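Each chain gets a letter, A, B and C, in the order it is written, and its residues are counted from 1.
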Amino acid sequence: MNFERETLPTTPADWVVGPYHSPWISHFRAHFTLDGEIIVRAGLEGGFLHRGLEKALELHPWQSSIVYAGRVDPEAASFAEHALCLAVEKLCELEVPARAQCIRVIVDELTRVSSHLKYIARIAQATSSETMVHFALRDREKILDLFELLSGARFSLSFLRFGGVANDVTEGFIERVVEVCDLIRFRLKEYNDLFSYNQAFLARSAYVGVVEPGFARRCGLTGPNARASAIVADVRKTSPYSGYEQLDFEVPLGQGEGGAIGDAHDRYVIRLREITQSLEILRQVCDALPAGPFASAPVERDFKVPTGEAYARVESARGLLGCYAVADGSARPTRVQFRVPTGPSWQLAPMLLEGARLQDAPTILASLDLCVSELDR
Amino acid sequence: MTISIFSSVLGYFRAVYRGVRSAFSACRTTLPYLLNVRSADLRKEVTEQYPDPVSSRTPDDLPPRTRGLLFNDIGKCTGCRECEVVCPVNCITVENETGLDLGKTWVAVFDIDFSRCTFCGLCVEVCAPQSIVHTKRYESAVFGVTDLIASFGRGRVTEEQKRKWAALRQSHEEALQPGGFGP
Amino acid sequence: MSGVASGWYQLLVLPEGIPPGLVVAGAWILATVMVIFPVAAAYSYVERKLGADYQARVGPNRAGPSGMFQPIADWLKLLQKPNQALSWKEERWSALQTMATYSTAAVLPLGPLFILADTEMNVFIPFWALMVAALATLLLGMEQSSIQGWLGGSRVAAQALSGAFPATLAILCAGLAGGGFRWADMVASQGAAPWSWNVMASPFHPFGFLAFVGAGLVFSADHQRDLGGGVTSNLYGGRLALAQLGKFYVLFLWSSMATVLYLGGWSMPAFITEELSAADAWIVLFGLQAVLVLSKTVLLMFLIDWVARTNPRARVEQITELSWKFLSPLALFSLMGAAAWRALT
């Protein structure tokens, strides 16, 4: 008889999860050290989705760079495209006609709603509310159908061009946008009944993954994650672009309704409110779409960008997305670099995970809206 | 501040009440879906049952701008190679040779490698004669990766063909000479 | 076996010399295979279709008309998977778990004819068995020496312990109205109409019913998502199917016990019983009673499933807290109230 151990081992155990075979960790690897159910140490390992986007951008002409920018985050493609367009337009001093700006705003806000709906589905999946997952994705499908109507593709639109957009809106598109906005407004009530203030969801997300304002500021958090911690920061208000200065909308802040300010529930509720604000913006733009050309000039074969560097910021669904473009007068970019909003959240995640229960880990990771594809590029 | 027993008991019952009410509210939200009452449109199933054409969308139902598989009408293609240059993933291969008339291009090889194509639509946009277009087809499952290369080219010109063309050109020139048997 | 085996044993015509234990064991196996498997298959189809309905989906609709043969298709698929060989250490705990779970088939209340053994300990046998099954799961998890196994097994054990206490109290509360724990006695004390069921026997019995159903939810709540399946995370094929069947079975057992304890069991309206017994149509009568019990059970299971699917799942320590801090006082309150009611009326 061989007794290998006399008592059960109680030292903290290591557990590696991902990047596959895990329902709650997507495309990265997590290294946990668990003491029972408490996570003692957590480390996130990324890089599995690195595709060398920024290097590939240097090997192709400027016209093709839009396509790569759209792949920074394929599910919310228009933000990175917009940032790149703004940077290049700064370099070339291109004027964007008003109609094109409005179309860009429409596409951006629709993308924001779609991204937030995906976020809702993800956080519902993390807390095992199956019904909510299907409801949120069903409504996202309507927006993706709108994208297909406008640009021909559901994701990765590659619809923006330097100096405007690729094509005008199709006939009946604006009416469809208004219809979808009304539908989503109706559905938001349903979501609130079903999920947002459900006690089981509150029990899973209130006081979980609390990010204090000072901490958020030091980490450089932007976007809804920061606004949930009551930090006022929205690029559309601080440095407006593409006509946002003429639009009337609010920037919601976290108020700690479920529990503490800046917990997972706050991050969720903030995004619900942002969907409402986006619907408001869409309504304003669709009501008053100016006539005019949809692009300033078609991009020629030997489109050259004059020497210089420019940095442009947009407010993506996750936060401040910046594009830094360097040109040397040739047909190919010298360097394009994207500053992604997931970066600070990624660094914040292990700090939030340490000391949390293992069962809260899916909720925390889902509530931070980590997009690994934009992180790794 | 110490919490009195009364308020903690009250808090207990309030928590119980809220929990029960939210569970009921969630079930009540899904009740119309179960019973299919009133607005049948808003509550019906949204599953697209591919490949049944009854409920899923066939290529004909897709919007006109859908970026499906590419097709190049080689009759219109001038072999200008704009598409090859602009393609972000270098999936188009074009090789030109001289055709029957010395000024005309014979597009010998025009391959699109769909294993690389991102369906971005840039090639369609820059094509001047608009020979390359997006179809609405999206089903392209094959058994081997090399089967994904679609060839639209006319094929390489063989030596025999070159001789025939040279002979034709010569006969045309002779026909145009004064004193020949032309018009 | 006298006095223990109910009507079915006397009805059998057996050649001499067969030990009664063998007969009972054979009947046990038959009950598991002929009753539990088909009911599980049919219920899985109904659950998937109805679950899809309120999620705005279609559910299975390919295998057969409206997807009716989906359970058969799943079963055929699982049959062609290779057999998974576990280590002998895991095997012994897995066997203990399976035996403990399915031993409760002996007291599955499916009608006066179809109970394998009707004793005074009817309600407590499932308890003992499910406790043993939970312990076996815990030991199986420890044996697997993986995080999923350890934590999954501990969670199951914690849930089982916390769910047992209010469940026992709720059972006692029902027993007050039933006058005994034999299934036959329990059903005899209830009538066919909803107001004569045990759940309405006193103003306190509904709380007991709630506590019992809640305890069942606590017992069988599956929240192992973050562990990728807990104790069953490394199973595939036939073994995984058996594990899922076990989960279904626990819920089924619980619901059928709740049906008999609180919701009237198989008692049919008096005129039907009189008609059929006067006409000597025993098989029809027993068949109808079995169908009635099964339908009430399945309805209860569907309601529980509906609540589970539309609401998010709480964490495991929130579930056990629910059981200790809410269900236990509730069950205690219902028991004391029911006892006082019975004493005073």
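Odds and ends about this structure:
Note that in this section a residue touches a chain if its C-beta (ideal position, glycine included) is under 8 Å from a C-beta of that chain, and two chains touch if they have at least 3 such contacts.
Model, not experiment: these values are computed from the prediction.
For the interfaces A-B and B-C, the C-beta contact count is higher for A-B. In this assembly, the chain whose C-alpha centre lies farthest from chain A is C. Here the chain at the heart of the shown protein, by mean C-alpha position, is A. One finds 45 Å separating the Cα centroids of chain A and chain C.
Distance between chain centres (mean CA atoms), chain A to chain B: 25 Å. In terms of their C-alpha centroids, the spacing between chain B and chain C amounts to 53 Å. Among all residues of chain B, those that touch two or more other chains are 22-23, 26, 29-30, 46. The set of chain A residues touching two or more other chains comprises 131, 138, 194-195, 198, 200.
Residue positions of chain C with contacts to 2 or more other chains are 54-57, 310-311. By the touch criterion given at the top, residues 51, 54-57, 142, 147, 150-151, 223, 225-228, 309-318 of chain C touch chain A in their complex.
By the touch rule above, chain B contacts chain A in their complex via residues 15, 18-19, 22-23, 25-26, 28-30, 42, 46, 62-67, 82, 85-88, 118-122, 125-126, 134.
On the chain C side of its complex with chain B, the touching residues are 50, 52-58, 61, 306-307, 310-311, 325-326.
Put simply, chain A touches chain C in their complex at residues 8, 13, 15, 21-24, 34, 36-37, 124, 127-132, 134-135, 138, 194-195, 198, 200-201, 203-204, 357-362. Of all the residues in chain B, the ones that touch chain C in their complex are 12, 16, 22-23, 26-27, 29-31, 33-34, 43-47, 49.
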